[in-house]
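So that we are looking at the same thing, I have put the structure below in structure tokens.
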Amino acid sequence: MIVRPHQHWFRRLFVWHGSVLSEILFRLSLNLAMSVVAILCFQWYEALGVKLTLAPFSLLGVAIAIFLGFRNSVSYARFTEARMMWGNLLIVNRSLLRQVKSILPQRPELAQELAALLMAFSYCLKHQLRKTPMDEDLARLLAEHDTQTIANSASPCNQILLLIGQWLGKRRQEGDVSDILFHSIDQNVNQLSAVLAGCERISNTPIPFAYRLIVHRTVYLFCTLLPFALVPDLHYMTPLVSVFISYTFISLDALAEELEDPFGTAPNDLPLNAMCNAIEINLREMNNESNVPQKLLPDKQFQLN
Amino acid sequence: MIVRPHQHWFRRLFVWHGSVLSEILFRLSLNLAMSVVAILCFQWYEALGVKLTLAPFSLLGVAIAIFLGFRNSVSYARFTEARMMWGNLLIVNRSLLRQVKSILPQRPELAQELAALLMAFSYCLKHQLRKTPMDEDLARLLAEHDTQTIANSASPCNQILLLIGQWLGKRRQEGDVSDILFHSIDQNVNQLSAVLAGCERISNTPIPFAYRLIVHRTVYLFCTLLPFALVPDLHYMTPLVSVFISYTFISLDALAEELEDPFGTAPNDLPLNAMCNAIEINLREMNNESNVPQKLLPDKQFQLN
Amino acid sequence: MIVRPHQHWFRRLFVWHGSVLSEILFRLSLNLAMSVVAILCFQWYEALGVKLTLAPFSLLGVAIAIFLGFRNSVSYARFTEARMMWGNLLIVNRSLLRQVKSILPQRPELAQELAALLMAFSYCLKHQLRKTPMDEDLARLLAEHDTQTIANSASPCNQILLLIGQWLGKRRQEGDVSDILFHSIDQNVNQLSAVLAGCERISNTPIPFAYRLIVHRTVYLFCTLLPFALVPDLHYMTPLVSVFISYTFISLDALAEELEDPFGTAPNDLPLNAMCNAIEINLREMNNESNVPQKLLPDKQFQLN
Amino acid sequence: MIVRPHQHWFRRLFVWHGSVLSEILFRLSLNLAMSVVAILCFQWYEALGVKLTLAPFSLLGVAIAIFLGFRNSVSYARFTEARMMWGNLLIVNRSLLRQVKSILPQRPELAQELAALLMAFSYCLKHQLRKTPMDEDLARLLAEHDTQTIANSASPCNQILLLIGQWLGKRRQEGDVSDILFHSIDQNVNQLSAVLAGCERISNTPIPFAYRLIVHRTVYLFCTLLPFALVPDLHYMTPLVSVFISYTFISLDALAEELEDPFGTAPNDLPLNAMCNAIEINLREMNNESNVPQKLLPDKQFQLN
Amino acid sequence: MIVRPHQHWFRRLFVWHGSVLSEILFRLSLNLAMSVVAILCFQWYEALGVKLTLAPFSLLGVAIAIFLGFRNSVSYARFTEARMMWGNLLIVNRSLLRQVKSILPQRPELAQELAALLMAFSYCLKHQLRKTPMDEDLARLLAEHDTQTIANSASPCNQILLLIGQWLGKRRQEGDVSDILFHSIDQNVNQLSAVLAGCERISNTPIPFAYRLIVHRTVYLFCTLLPFALVPDLHYMTPLVSVFISYTFISLDALAEELEDPFGTAPNDLPLNAMCNAIEINLREMNNESNVPQKLLPDKQFQLN
């Protein structure tokens, strides 16, 4: 995620957007080349009686804009839902720890055990979604034995939920919590389960492949043919207008593709590192621990990840 | 569902999309033929004073794009909701088993009984939605007697929920769970009921027939008449532009039709087999069972089903 | 609701859609007549210097398509919400009976009493929404005395909910259910109350009258004037294009009107009869009753109602 | 709210819509005058080389239609949400009374006390939203003392909720309801609190003023300039087409403004009187009271308010 | 937030919208200058054979309107969600205090303790979101010691929730509330946690930067080039039409930017001061306190903040 300080509108025109850029630039230079070809061929092309006029492209352009608008709103909805899931994760983490601390104020060691499990869950979810190795973070937070079990599992996050369930069951059997309070805490653990499966769903179920393909392909072909339709009217202005229209369509198509998978590390994706860090700071502070980590800040490119 | 590894944008232009293809190709070749007819008849046709100009088609094209956009978002919403239901199924399955394991840690055989019922429910739901025979999967998971009762029922999945309810009632009567814990677990069983009825709703209630008909028919007629409206301006370029515009409209119409029923086995439908498999792996692993099945992977066409 | 077996795309072009048809056909023939008038008057009309060109109609056509698109999505949302309500009704019915059967397995007569009340509620809701007489169905399911009370009430469905509440209160007072289980079951009865008020809301609150009027009137006037705007360009082709454009706009307007009230008996409305029948089959089967009714199937016109 | 019996499509063309009418008529006659000015000035205007063509207005018209479509969906969402709130109010009222009647069947006087508080809440909410005096309705339903406290409060509806809370607390302290049942009933009282704050939110937070202003102003300017852009093509037909296009845009803008505040007494607003009346009928009937009021029916202009 | 009394439609045309104005005016005067340049250069420009026609701009304009429409609905959704969060805050505050007052009617000092914590939470949230110093408000409401702890925390609002949890835990340990009532109240505290994390989410996660950039830049370039495309048709009318079209696009873009961050103090942002004030009035009144503050009213510019 890019976190820029507020900038003057004029300045912003000259700022470039992250990783999408190289692909867009390549495609736009292709479009520029096409425009030059269109200008060069124009006379020879008119002589042949071959005519491409703007009218059908105008119809098609509006249709594509409508479909691209839908494609964008679908991708953005995935991004928003993913963000909401991680927001819920923070809510539930804070609520669980607060519950345990108000029920068992005289047992701070239990609150610390739970906090460790909760932090491990967040880091584990991040690593699972980004397919990065989770061993280091787990080892830092949990006992040797639990780390092993989790790492060997096909579904490590769910394994941590099982450990939280066992921890809670133990509290109930040892009489620390009554059945009602067990139920109350357990409902929050169910919320963690919902966050986990929600993130897995977004991560494993892309937008139907055919849909992305149709829009992508249509945008591409449209931008390639556009210079030939513009040249009879615009002559030497063709490259300017063609590149401008292509920029609008191609960059929105590229951004939709980037937002679609919000758990990556591209500039417009969610800053999972910073979110895990925020959860850790919150939980440790609630337990009055001394080893509260530093807050992660954006780097020089205003980039958090 | 098609699960492709990330591909370069250029390559993707030459990849074909699953089953929709044959129908689209047929319709596009029809459109190509129409374009040739339009070119051939053009002179004779002008002589008659018959004129079709692009302007009214442009108006109609944008109107159709708006309606098609709505049609697409409705179909996609069905797909998304169906996916969400199966996501909830996974959540509830994990939560139910976790609850029982933390309440009755000393009774692993009970957790296994429940897990078998839950797995049977998922497989049964898959078979009910796809109208495939469920006997084999039920026999593999449940006792002979229960399999019989379920198979003879008009609503087999609901019959399994009744068995889960009986199992839970028995736990309560034998004093394993208090009324509060009964309530807590029962709420999750209600969620299973909601998943079942939600999937039945999507499966049994198509998008109003008249709606699909109007959009489908209008797209079809539009594409058929289009070459005749393009030919006065474009002459020999008519086939190119006509097939391109038709491709955009026809393929989105065809995809909307495919997404509308997300429980089929077409390439863009939900991979229910893989989802049942994931649920089974999860539940068996939570019970430390040895017979955890292999994870289903996409085939050579990147296809999961 | 029309439930057609899957048909080849080509065939579907010649299938007609239910009841909307007659109105649409009438309006289209009016439009055809207008087109003929436009062609006949054309010379006289040009001589007068009266000119209608397509450009302003093109602008207006796109604006109307946008508003009609919104009108459609609002109507469809009502249809979907109504379907969701009846889906919830099925969920809650099954859940309530399952709860009672797992709590009181040794009292099947109580489960039957509740099932009768639940079935009566569904039938009563159907009759209330369709304004058809409910006496016969109530008499079939309930005791003479209750039927009387319900039939005399201003809000019969709510009266049944009151009976369900009384039945539940009696269970609590006779010690069959504890306060917790009472609460658990009562929450599901609240869901029935939500379904009832939700259906009443959809049924009693039409889309604001002015909204329907503006869109309806604009579509109508647009289609009437269209031939005069098309005739300068299209001459003899005017009727074809005018009827085609009008078909798209008029049929979507007519369908939106039909979907708006989803509880009627028109071909695109919800099949409340079949849904009540499904609920009765489900509940009777769960109680192992012998008198399970036959499943309602679509008639020869693939029509369920 | 206007509740019309179903009318033939042809008739509906000549029915006028409520209060929006006078403003729309005034604006349309202004537009008509503008058109006449445009026709009169046309020659003088062409001589000056001043040219307004339709093309830029076409672009702008479509853009305005898109923004107006968004404006409409936002206003309609407010209307729908407000209706949903009052639907929830009915649900919660019925559920609360049903709960109390099934828990305390032998204490009808308590159910009557609660019903009076609930009815007072609905009437009070109506008066608060419409800024009408509530004294009469409160005096009719509550004791002298309570009426005073409520009327002097800065937030009278919330004061009634506090009274309901006190009533409930008293039931708990007198042992009529256990803690669990207290919790169960109290959850429904929380729902009343949600309805209250939801209605206050809709009522106090208009759509951002700048948004309404931009759309309103743009629509107005567009319609004023339109005749000058139409006159070069349409000559004497300018008034017809200009008024038609303006009618579409202006009436949708005016309706959006009316729907935006759904708690007023304009023809397209919610019939809060009828809703309070329905709640009173329902609650009194549930208590078998004799003084059930008459159902409010639409007046001669099919108007409920 | 601007709270204007209802104004006549005509008057509203001459009212200016808050802070967005200066930026818009600057950009529009730039556009005006561009139009003059376009008129001056026209002949020289035509001689060069450089031609910009409106057709490609028309296509692009509609595409931009679609994307801008999406951008607006996304920003408005953030504004609405933020408002909903603060509505929930009011609901939960009232419900929590009502619960405590009906459970512990004989202990008004406890209700006052809770009310102070709740008020502190609202003020603290406001200050956190607006990055203003919170010390004064905290000192006014809480004990010296608590103020210190909160002010030193990395997440002060969450610290207050922890204090509420401790207060509640104390009530449970001192036997004032049973486990069930603890659960019931605690659920509402969880709602506060959800409000907190929801507001933090909106505040910390802007709309993806690339998205804002693409739309912003495209609108800007479009408006800059527009006069050159309009001038061949409109000559001296170019400035009028160009500024009008630019006004529509630029002002919606600027408003979307303002609504995107609803917690600021710009004229169209949420009036957090007034909301905190309303919460304080409500809670103090419910406790019959004498020091109820005055209601905040809009200033002379109808501005609340």
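For clarity, chains are labelled A, B, C, D and E in written order, and residue numbers in each chain start from 1.
Keep this in mind: a contact is a pair of C-beta atoms (placed from the backbone, for glycine too) under 8 Å apart; a residue touches a chain by one contact, two chains touch by 3 or more.
Computed from a prediction, not measured in an experiment: that's the story for all the values here.
**Q** So which chains are sitting against chain D and chain E at once?
**A** Where chain D and chain E might share a partner, there is none at all.
**Q** What rotation angle, rounded to the nearest 5 degrees, superposes the C-alpha atoms of chain B onto those of its identical copy chain D?
**A** Resulting rotation angle: about 145 degrees.
**Q** Hey, how far is the Cα centre of chain A from the one of chain D, in Å?
**A** 38
**Q** For chain B and chain C, what's the span in angstrom between their mean Cα positions?
**A** About 24 Å separates the centre of chain B from that of chain C.
**Q** Going by the touch rule set out above, which residues of chain C reach two or more other chains?
**A** Within chain C, the residues that touch at least two other chains are 55, 58, 62, 66, 69, 180, 183.
**Q** What's the contact topology between the chains, one of line, ring, star, complete, other?
**A** ring
**Q** Please list every chain around the ring, with chain A first and chain B second.
**A** A, B, C, D, E
**Q** Which of the residues in chain E end up touching chain A in this complex?
**A** 23, 27, 49-53, 55-56, 58-60, 62-64, 66-67, 69-70, 74, 153-155, 158-159, 161-162, 165-166, 168-169, 172-173, 179-180, 182-183, 186-187, 189-190, 193-194, 196-198, 200-201, 205-206, 208-211, 213-214, 216-218, 220-221, 225
**Q** In the complex, go through chain C and note every residue touching chain B.
**A** Residue positions touching the partner: 1-4, 9, 12-13, 15, 17-18, 20, 54-55, 57-58, 61-62, 65-66, 69, 72-73, 76, 79, 83-84, 87-88, 90-91, 94-95, 98-99, 101-103, 105, 178, 180-181, 183-184, 188, 230, 233-237, 241, 244-245, 247-249, 251-252, 255, 258-259, 267-268, 270, 281-282, 285-286, 292, 295.
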